[in-house]
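Okay, so here's the structure we're looking at.
In order of appearance the chains are A, B, C and D, and numbering begins at 1 in each one.
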Amino acid sequence: MVKVGIIGAGRIGRVHITSISTKVKNAQIKTVADPFLNEETAAWAKSMGVENTTKDYMEIINDPEIDAVLICSSTDTHSPISIQAIQAGKHVFCEKPIDHDVAKIREVIAALEGTKVKYQVGFNRRFDHSFSAAQQAVAAGKIGKPEIIKITSRDPEPPTPEYVKVSGGMFLDMTIHDFDMARFLAGCDATEVYVQAANLVDPAIGEAGDVDTAVITLQMENGAIAVIDNCRKAVYGYDQRAEVFGSEGMVAISNDCQSTAVISNAQGVTGEKPLFFFLERYMDAYAKEIEEFISAIENDTDTPLGVEDGLKPVLMGIAAKKSYEEHRPVKLSEIME
Amino acid sequence: MVKVGIIGAGRIGRVHITSISTKVKNAQIKTVADPFLNEETAAWAKSMGVENTTKDYMEIINDPEIDAVLICSSTDTHSPISIQAIQAGKHVFCEKPIDHDVAKIREVIAALEGTKVKYQVGFNRRFDHSFSAAQQAVAAGKIGKPEIIKITSRDPEPPTPEYVKVSGGMFLDMTIHDFDMARFLAGCDATEVYVQAANLVDPAIGEAGDVDTAVITLQMENGAIAVIDNCRKAVYGYDQRAEVFGSEGMVAISNDCQSTAVISNAQGVTGEKPLFFFLERYMDAYAKEIEEFISAIENDTDTPLGVEDGLKPVLMGIAAKKSYEEHRPVKLSEIME
Amino acid sequence: MVKVGIIGAGRIGRVHITSISTKVKNAQIKTVADPFLNEETAAWAKSMGVENTTKDYMEIINDPEIDAVLICSSTDTHSPISIQAIQAGKHVFCEKPIDHDVAKIREVIAALEGTKVKYQVGFNRRFDHSFSAAQQAVAAGKIGKPEIIKITSRDPEPPTPEYVKVSGGMFLDMTIHDFDMARFLAGCDATEVYVQAANLVDPAIGEAGDVDTAVITLQMENGAIAVIDNCRKAVYGYDQRAEVFGSEGMVAISNDCQSTAVISNAQGVTGEKPLFFFLERYMDAYAKEIEEFISAIENDTDTPLGVEDGLKPVLMGIAAKKSYEEHRPVKLSEIME
Amino acid sequence: MVKVGIIGAGRIGRVHITSISTKVKNAQIKTVADPFLNEETAAWAKSMGVENTTKDYMEIINDPEIDAVLICSSTDTHSPISIQAIQAGKHVFCEKPIDHDVAKIREVIAALEGTKVKYQVGFNRRFDHSFSAAQQAVAAGKIGKPEIIKITSRDPEPPTPEYVKVSGGMFLDMTIHDFDMARFLAGCDATEVYVQAANLVDPAIGEAGDVDTAVITLQMENGAIAVIDNCRKAVYGYDQRAEVFGSEGMVAISNDCQSTAVISNAQGVTGEKPLFFFLERYMDAYAKEIEEFISAIENDTDTPLGVEDGLKPVLMGIAAKKSYEEHRPVKLSEIME
């Protein structure tokens, strides 16, 4: 039984508390820490079987009984808390992104060197039933050599302009998942990024200095070309699809729906919309990524998504931003220098 | 918090133990009783948070702390244990069928009279995301007045001849779910049954005195005609679909798959097979039916599936058997006499 | 080049004139005969390349240049004209049904004996791209031994009560196509019919002595059970589907639509309705059946649907009527006596 | 009745001869001209109802009885023959592309000025049942303001290196259809093109100086971003899909198949591959574009695809080539200068 501390009890923290409590075997949440902890949250955590709640995450870092830490706090705290946890010998599961600043991610990488700490980054979509089936088909050679990879990723509703301002921009906040997915599906890194983007959904997003609609082309190391299309608003719900086309075939995945019910009437043949948001679509994936993290600890194996997998999509996001600003293809090597 | 005792720790008992432990709020399993309880089962139950295990189900019946009983034991014990539990003032969730013998079900009905006991029968498919979406479409009038109801229900693998002998026959063992579904989708009872059946899958099933393939026509009270097709073996997996056609349209539901991945290659365009068996397909439905049972207890409302809903499909199963044997349409009123 | 005469220029006659003129190679329409021929029809026929039009079909029967006759006149004339054409040595393509009266069909069979006349019955659905693909899958053994055959056949709009009165009843007018399809998909004859039917769509149909909704169970000679569901009105269009389930798998076919366009919006994910009626759905099948008729003439091979294939569905329709009237399963052997 | 002359009896010429003969009303082919005309072709043309065949296309240009000319000859002859036909007062249907040289297209535009000649370019896909349904949905406002347009266009088999050498390159030979489709779906012109391309299918194509795989991003005038993905080889057949995403929803179209048959067995649930090539997929579209051309002549209306619609995709193809060579986004205005 792995004893876990969870730092941050916001939306994503609660997702992990819920799924560990109800679905993840061999893990037990000892402590939940959140600087804004109130009575309601504490009571809810207790009802989920959490032993202890606190405002001070150092209680978790300093608790010798705790084996592993989940970092679900605000993005700017991910890298310093990662380093504290590593130094305390805790295994770390860190929500994405590790940081928007490459230097800070490199500090985490340095802190890990020579330790036996397991480090995993929270790119949950890799654990989705359909995305993982697509990746397995590719990895098993069922479509031959990948040539074109297409990822559609559209949110049901745009963020507030306030959120946009602190988000790091769409490429580091939203597309970062798709950058990870492109690496996952291709089985290799990207070498170049080109962005065509616009502010079409909400003028306030543009005023906040960001875009909300984009088509992003990636040159992958293995020769394949990947293309991501993003929009901050899809009226029909959370649109998360992918397609990998190769020399011997294609694998494509589509959205999940609440039911398979289809109604035929005088207006047409109508099925359900995609599940509305990431909590519905990826609830099982959130549980699965923690199961694999716990399993890596128990069996002393590599985590499925190491710290380098946290770094690469950030580099891609920075390259995307630069491509948009300078309106030209940008090589990843420019960013890594 | 409703305290629950579970009688029977076989396959279906374990399904309920798992789903209550991991998914059903406001319910807690105090005791699990099984005459064949061994150390492995007891240890597993403990790991799922069960307080107590025993070989003697009377410990549950006699425990004043226990509010509700789940009867997951062998079919012949359903009605006597139901009556004991009712007399002890426990709410009862009874796996289907209550009994193969109508007289014994009537004894349960009699025992319930004048009590405040909540009684629910385990027709789990009503709680499936897709079947319930179809029923809601019908109930909401989206297809007008129902005219034709079609239910496909095929198992991935046939039972053993030993099981067949004690099963009560396919109509009471397998079709019983579909009889309930016909009532659920139509929103009314059947008045007549006609069966065309055969032994096509396995000669041993025929030797055991049963059929394995059938098309069953039902006249429903509201004028609609329902038709069920059953087979004990579908090589592609558990096939559970339905379609309700009415004066203003049609609602149809199809199978669930492990993923949405579709591979296109020189051989064709291939998606996944349906989920292989009822545990995969209906796991969420099993949790949902218990949630509704617990909710009916907590809010003192009717259960969604009362004891009469347990009786009717048994009557239909008996009528089906008679129809097959006498090769003629059989009215339900013949059986009820 | 086969010279053809067409008797009857009503709806179905015009379908054949159009498809022979525009799609069928090696056939040329010399004469069209219709007792109600007017100037408009004659002009239209000319525009389609027809050489000659007449009110008297005997001009066709007596024309030594004409090789083959298409009988598209009213049902009661099918068998006498068939016999006249056979006696004149013309090959005959006869629209379904040959007759509602079995004795008259037997007269046609007698007339054919000892001649070299090719005779084909117009069950066009066998030539539909999807129904024929399903049959080929079955015939190629791709689903193993057939066990359950399901045919859905629903019209978009009910006929007028006037038509109903002269139609021979739904089983001989509408279901007859599905009876043929059951034989085609099963690869054998039916031995017994059971009907559950009702008048749900339009009371006027009931007043005209007919039903409009039915579920029809067939015992097939090879052990499979077939079930047909019919309705005279489906608000979403012409619903023509089938499924053959067997020991090694299932083949299913669905409807054709005007386009593959699917619109996702806040209301759902909506595709097009099925093509609205048989002229849209089966236009290519109408051409294909004539192509095969012409090919049988040119190559002196059997037609794909001989006179016996015209008789059997009529027997099934008569058995269905009897089953409905006597509310019991009816063996085909009862009708054949 | 419009009298037509067809110049060029190669693959595409034969498509038009066939569809005019069998499907297009109000048009009659008087003469077919082809410099390589042989007896077989002449005989075939006669069998299709063509009055006259010749090696000299000037017989068509000079024939006062001929109203309209279809130019189906080799690409380098399109613009000069267009000008000759225009000067002779013939209406012109010209296969795509009018020319690879913008100056030559401008000469055709100049020749048209002041005449009453109808000119139509052969972008057949606009007349496909599904692409046109998608465009109509967009034009009818069903998806709101277009934001992202995605076009997939993959051929089943790569061309020979010999063909590649004279093709003008993939962008002018293959992508040109997709450039037209982007304009059609967006309802406006592109302003900028960026290409990421590679030689992945066949090294011989690279040796012939061309690419075979590409992702092409287009900035559209109305703010939408379009992306085309191309490959010269898809093992599963001709892959022609599109999706338009907008502020109020999305319309998506998929491939056509030979039938709707789906086989479920132990291996999976398998439907048919897309129709294998453009002749199967677009046969009806080829007839429809000519019908509209004939209709424009008869009713003296604009053709659906004028000479400017022939010019624009060529400009986009040239910009794409430049983008690939210079590895940067290229504005259309650079090419138009």
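Keep this in mind: a residue touches a chain if its C-beta (ideal position, glycine included) is under 8 Å from a C-beta of that chain, and two chains touch if they have at least 3 such contacts.
None of the values given here were measured: they were computed from a predicted structure.
Counting C-beta pairs in contact across B-D and across A-B gives the higher total for A-B.
A centroid comparison over C-alpha atoms places C as the chain most distant from subunit A.
Averaging C-alpha coordinates per chain places the centre of subunit A 42 Å away from that of subunit D. Here the spacing of subunit A and subunit B, counted between their Cα centres, is 39 Å. A straight line joining the Cα centres of subunit B and subunit D is 58 Å long. Among the residues of subunit C, those in touch with two or more other chains are 235-236, 248-250, 264-266, 272.
Interface residues of subunit B, counted against subunit D in their complex, comprise 235-236, 264-274.
The touching residues of subunit B, counted against subunit A in their complex, run 22-23, 129-130, 132-134, 137, 142-143, 248-256, 258-266, 272. On the side of subunit C, the complex with subunit B involves touching residues 144-145, 147-148, 150, 154, 194, 196-198, 200-201, 213-215, 217, 219, 223-227, 229, 231, 233-236, 239, 245, 247-250, 327-329.
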